[in-house]
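There are two complexes below, and they share chain A, which is joined by chain B in the first and by chain C in the second.
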Partner chain A sequence: MDFKLTDEQVKLRKQFFDVCEELGNQKPEGFIGLEGSYDTDEGWEYHLWCAKEFAKRNWLTLGWPKEYGGQGTIMDKVFLSEATGYYDIPGVDIFGVDMLAPTLHATASEEIKREFLPSIASGERMWCELWSEPNAGSDLAALSASAVRQGDEYVINGQKTWNTGAHRAHWAFALVRTDPHAERKQKGITFILFDMKTPGITVKPLKYMDGCHLYNEVFLDGVRVPAKNIVGQENEGWTVTQTLANFERSSLGAIMAMHRQLEELVSYCNETKVRGEPLAKNPLIRSRIAQVACDLWAAHALAYRIAGAQSKSEMAAFDASAVKVFSGELQARMAQLGCEILGPYGQVKHSRWASFEGFFEKWYQQSFILNVAMGTNEIQRNIIAWYGLGLPRMK
Partner chain B sequence: MDITFTEEQEMLKKSARDFLAAECPKTRVRELEEDEKGYAMAGLGWMGLAIPEEYDGMGMTFQALTILLEEMGRNVLPGPFSCTVVQGAYAILEAGSEAQKKEFLPKIANGKAIFTTALLEPGGVYYDAAGISLKATDQGDNFVLKGTKVFVEMANVADYIICAARTKEEANSEDGVSLFIVDAKSLGLRCEVMPTIAFDKLCEVRFEDVAVPKGNLLGELDKGWATV
Partner chain C sequence: MDFNLTEQHEMFQKEVRKFAEAELPPLVDIMDKQNEFPHEIRPKLAAMNLYGIPWDPKYGGAGSDHFSLTLAQIEIARVLAPVAMHIQLQHVVGDRFNKLATEEQKLEWMPQICEAQKVGCFGFTEPETGSNPKMIKTTAVEESDCYVINGTKRFITHAPWADVMCVFAKLEGDISLFFVETDRPGFSTSKKMDKLGLRGTDLSDVILEDVRIPKDHLLGGKGGKFDALKDAMTIGKLCLSAQCVGLMQAALEEAIKYSMTRMHFDEPIFNLQAIHWLLAEMASRIEAARWLTYRAAFLKDQGLDTIKDLAMTKLFVTSTAVDVCRWGMQVHGAYGISKEYKIERLFRDAKMYELLEGTSEIQRELIVKRLPR
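Presenting the complex of A and B:
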C-alpha cells in the first residue's frame, strides 16, 4: 500500500483544485451541495456552466476508454472529485458522468455508446435516475413499473419516487419490469433510457425537510420509448445495475467537503471570542474538534485505500459500504458539531444573521439523507456482515 | 414522594389532550407556521391556568401547568403560550409590583396579552449577564433603550417584551442589569423574524431610542439578573 502520488498526479490534482477554486468565484450565494444544483434556477444554471467548463478541459471523461474521447485514469477522477468536493463545485453530473457513463462502457451496445456518451462528455445533457418506487427502495428488485413491448417501442406505466433532480434533468435512466412472470424478482427487469420530455411523464416535487426541491415523484403513464434504448439485454437490467458496484465509490468528494468544513470551523473558533477568550481555547470545543479531525483522517485513509484498490480492480464490494457508512455518519456528526459550536446561530438559515451563509444548518439537514440514499446504512451494514464477515445472508 | 396525579390533574390532562387533538391536528400545526394570526391565538384559552385567582387566573399549581405543557408538547402546539406564561407571567409574579401584577396578569389570564423575553444580543454567544449591553438610560419620566436583541421568541406577535438592559457598568456583570416591560408597539422598536431550522419565529428586535415609562421597570433597578 502506497498513498504517495506521482509528480504528475500532484500536478494534475493541483490543477483540479485551482480550477475549482476559480469556478467557486461565480457560485451563487447560499449554494450548497447537491440541492444547490437542483433547487433554484440560478443553481441549475451554475451547474450547467460548471459542466461546460469541465467539458472544455475534457474532465468529464476521466478514466473513459480513449476511443470515446477518454483521458486519464479512474485515480484522476478521484482527484477531480476531491477538488469539486472541497470547493463544493457542481458540474460533474452524478447521474450522467458518475453512474451512467461507466455503466454504458461496461454493458451497452456500441450503438448506444455512440449515441449517448458524447452529450455526457460535453456536459450538455443531464440525467436522472428512475429506480426507487413507493414499494421498492431498499428492496429495489421488487420494482413493478411495467414496460410492455409494442412494435418498436416499449410502453411504460408505473410510479417512481425519490428521484433526485428529475424536475431539471433532460434524460432518465430507468429500471422497469419487462417480465412480470420471471421466477426470481431480479430477473425480468430492464435498464432503459428516455427523454424526460416524452409525453406521459409527470414530475411532482417531494420537498425535503428543509423545504428544498431536490427529490421528486415521477409518474409514467403510457410513456412510449424506442425499444433500441435499452442498455444490456432485455430482462437483464439487474445485472447492468450490479456493474455500478465497481465504479468510483471512494466517497472522497464528501470527505474533502468535510475537510473544508473542518477548516472553516477551526478558523471560526480561532476568531470568535467569548468572554475575551477565543472559542479555540475552550477545552470541550477543542476536544470535540480534535475527535472529528481524527475520524476525518481515518475516513480519508480508508477512501484512498479504496480508490487505489479500485484503480487496480481489486476492491471487495464491502469496502465501499464501509466508507459510505463511516463518512456519512461522520458528516452527520460534523454538521451537528458545527451547529453546536455556532450556538444559537447554528439554527439560523441563510440570511444576514447566519454564519457561513447558513451552511452548517443546511449540511446538518442534508446529513440525514446521506445515510439513507444509495442504500441505507442498515443495508450497507448487512452487506458488510454478509460479504465481508461471512455472517448468514439476510433476506 | 408521590408522583401520581390527583383526580383533578387527571381531568386536566384528559381535557387538554382531547381539546388539542380536536382543535390542533398535525395539519393545523403545519398551517400555523404560515398563519401569523392563528399562531398568536394558539393556547390563549389556557393562559390563566396557573395565574392566581385574584388576577383573574384559575389559580392552579405549577405542576398543573407542567401537565398542560406536556400535552401541548405532545401535540406540537406552536404559539406564544410558553413565552407568555412561563417567561412573562412568572417574571411578573416574581418581580412585579402590585400595580404591575394588577395591570398585566389579568390581561395574560384573559388571553389579551402576549409576552416574550429579550435576552441574547448579537455579540453574545452565551446566556450570561456579560452579554447584556443594550443600554437603558434614565431620562426623567422614562428610561430610553438603545441596542439590539436577537432570538427573541415570537416578538413578531408579542404585545409586550420583557427586555434585559444594562443600567449600570459594574465589575460584576450581573450587577447593573435591569428588566423593563416594553410595549411592543413603542416608537423606535423594529422587529424582524429570523429564518431558523424549526421556523419557530425567533426575532431580531432593534431598540432605537425606545422610551419606556419608569413604572414599567420590572423589579429593582440594577438587580434584574436574579429574576432572569
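Presenting the complex of A and C:
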C-alpha cells in the first residue's frame, strides 16, 4: 500500500492547479458550481473558453487510448478533477468528456468513435444527457420515448426530463425504446446520438429552487435521426449504460470544492469577531468545523482509493455509490454549517450584504443535487446493499 | 395534566386553518417568487383577530392567550410561513407597547396595530452586533425637548414599509427602548435584501440620522432594557418554533401526497420501505417538536420565565425543521428541487429559522447558563 504520489504525479497535479488558478482570474462575477456554466450567457462563454484552454493542453483526453489522441492515465484525470473542483473551474464537459467519451471507447463502433470523439477532445461540441423521463427516474428502464426505424432513420417521439444544460448543449445522447414488446423492460432500449438543432426538439426550462436555469424538459416530436448514430447494438442500450461503472466517479471534484470552502470558512472564523473574540475561539464552532474536516478527509481517502481501483480497472459499482452517498451528504452538512456560522448573513443572496458573495446561501440549495442526481441516495444504498454486501434484493 | 386542546382552542385552530387554506395559497407566488408583501391580506388578518391574540380587548386584542397565538402560527405557517412571520412581528412590536407604554400610548397604538393600520418593525440587530446587546452602537442623546437617535440597524423585517419601529439605543451608556415613526426626518431604509427563504417579508437596513423624537417615545423609562429585549425574543422564539411546526406539517403532508402518486417499479413509492422510514422519522420528529412548542406556550401563559425553555424549544424545533424538510425533499427525489412542488419552498424557509432570533449557538449558551447546578 502506498498513499504517496510519484514525483511526476506531484508535478502534473501542481500544473493542473496552477492553470486552474490562472483560469479562475477570468471567472465571471457570481459564477458558482455547475449552474454557473448553464444559467447565463456569460457563464456559458466562460465554460467554452475554459474547454478550449484545456483542449489546447490535451487535458480533455486524459486516460483515452493513444490512437484517439489520448494521453496520461485515469489518475491524471482525477488530479485535473481535483484542480477544477478546488478552483470551481468549468470546461470539462461532464457529459461529453466524463460520460460519453468513455462510453464510446468501451462500446461504440470505430466509425462512431472517429466521428464523435475529435470534437469532444477539442472542446468544441458540448453534450447533454436525455435519459430520465417523467415516469422513469430511479426506475430508468421504465422509459417510454419511442424510436421507430424508417429506412435509414429513426423517428423519435417522447418526453425527457431533468436534462442538465439541454438548452445550451450542441448534441445529445439519449436512451429510447426501440422494441416496446421486449420480454424485459431493460431490453429493447437503444443508445442514440443526435444534434439538438434537429427539427422536432423543444427544450423548456425546469427552474431550480434558487431560480437558476440548469435543468430542462425536452420534448421530442417526430425527431428524425440517422440510424447510424446508435451506440452499441439496437435494443442493447441498457448494456451500454452499464459501462458507466468505468467512468471517473471518485467525486474528487466535489470533495476538493469542499476543501476550498472549508479553508475559506476557517479564514472567516479567524477574522470575524463576535463579542470581541474571533469565532474560531468559540468551542462549539471549532468542534463542528473539526468534525467536518475529519469527514472531509475520510471522503478524500475513500475517493482516492476508488480512483486507484478504477485506474487498475478494479472498481466495483458499489464503490462509486459509497463515495457518492458519503460526499453528497457531507456537502449538505457543510453547506448547512456554513449558513449557520454566518448567522443572519447566511440568508442573503449575492449582494453588498452577503458574506462569501452569497456562496453559502446558494450552496445550501445546490447541495441537495448530489443526493438525488444520477440515482438518489436511496438507490445508491440499495446498490451497496445488493452488490457490495450481498443482501437480498427487495424487488 | 391534560394533553387535550380545550374546546375553544380546537375551534380556533379549525377557524384559522380554514382561513389559511382559503386566503393564503394565492399569495404564495407574490411572496416567494416576486419577493413582495401582499398588503391586501392585512385587513383580512385583522378581521380574523390574528394581530393581537393575547392582548386585552380594550387595546384591540382578542383577549386570548399565547397558546392560541401558537396554534394560529402553526396553521398560517402550514400554508405560507412568511405571513406567520408578519403576524409575529406585529405581536413582538405591539407587546412592547403592551408592557412598557403609557395607557394613553397603548390606546393610541395597539388598536392600530391590531387593525393593521400600522405595521411595526423591531430594531435591535446592527452591522456589528449580532446576539450581544452590549455591542450596540446606536445612540440616543437627550436634548431639552426630545431625544436624538443615530445609528444603523440591520436585517430589519418590514422596514421598507413599516409605520413604526421599536429602536434599541444606548442612552447615557445603558440600553433604552424607543419607538420611532418611520416618516420622521432622518429615518431611511436601504434597498430591500434578496434572501434564501421567508421571502416577501421584506428585509432591509434602517439608517437613523439625527432622528428627533418626543420624550414620551422612550418606552418604560431610561436604561435596563436588555430584559425587554429578552422578553420580546421569547415571543419571537415561540412564534418561530410554531412556524417550524406548521412548516414541517406541510412538508410531511406534501411528502405523503407525492409518494402516493409517484409510480416507480410499477407501484407508488409510498409502498417502498426506504420511503416508509423517511415518513416515519418525519412524523415522529414533528410530534416531538409540536409538544415541546405547546409546552413553551403553556409556560408563557403561566407568566413564568421562559428564556431557557424557549431557547431549548427554538434550538430543537428549528434544527428539526431543517431535517424534516430535507427528508421531505428526499422523498420527492429530483422533483424536490423543482419550483413545481411546494417542498423546495419549505426547505428554503426551514433553514431561515436557524439563522433568526439568535443562532443555535446562542440558544445553547442561554440554556447552559440556566441549567441547575
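The working rule: the second predicted complex is superposed on the first by the 395 of 395 C-alpha atoms of A that agree within 3 Å, B and C clash if a C-alpha of one lies under 4 Å from a C-alpha of the other, contacts with A are read in each partner's own complex, and residues count from 1 in each chain.
Operating definition for what follows: a contact is a pair of C-beta atoms (placed from the backbone, for glycine too) under 8 Å apart; a residue touches a chain by one contact, two chains touch by 3 or more.
Small disclaimer: the values here were computed from a predicted structure and weren't measured.
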Joint occupancy of chain A by chain B and chain C, clash or fit: clash
Which of chain B and chain C A:Leu262 touches, first, second, both or neither: neither
Dominant contact partner of chain A by residue count, chain C or chain B: C
Touching partner for A:Asp139 - first (chain B), second (chain C), both, neither: second
First, second, both or neither for A:Pro344, with chain B first and chain C second: both
First, second, both or neither for A:Thr376, with chain B first and chain C second: second
First (chain B), second (chain C), both or neither touched by A:Thr272: first
Touched partner set for A:Ala293, first chain B, second chain C, both or neither: neither
Chain B versus chain C as contact partner of A:Ala385, first or second or both or neither: neither
Superposed model, chain C segment overlapping chain B, candidates 44-52, 296-304 or 314-322: 44-52
Interface residues of chain A shared between complexes with chain B and chain C: 274-275, 343-344, 347-349, 351, 353, 361, 364-365
Chain A-touching residues of chain C, taken from the complex the two chains share: 125, 130-132, 134-135, 154-155, 193-197, 205, 263-266, 272-275, 322, 326, 329-330, 333-334, 336-340, 344-345, 347-348, 351-352, 354-356, 359-361, 364
Touching residues on chain A, where the partner in the complex is chain C: 132, 135, 137-139, 142, 162, 206-209, 211, 215, 274-275, 282, 284-285, 332, 336, 339-340, 342-344, 346-349, 351, 353, 361, 364-365, 368-369, 371-373, 376-378, 381-382, 394-395
Parts of chain A lying in touch with chain B, wherever the complex brings them together: 210, 272, 274-275, 343-345, 347-351, 353, 361, 364-365
Residues of chain B that touch chain A when the two form their complex: 120, 125-126, 128, 130, 150-151, 194-198, 202, 204
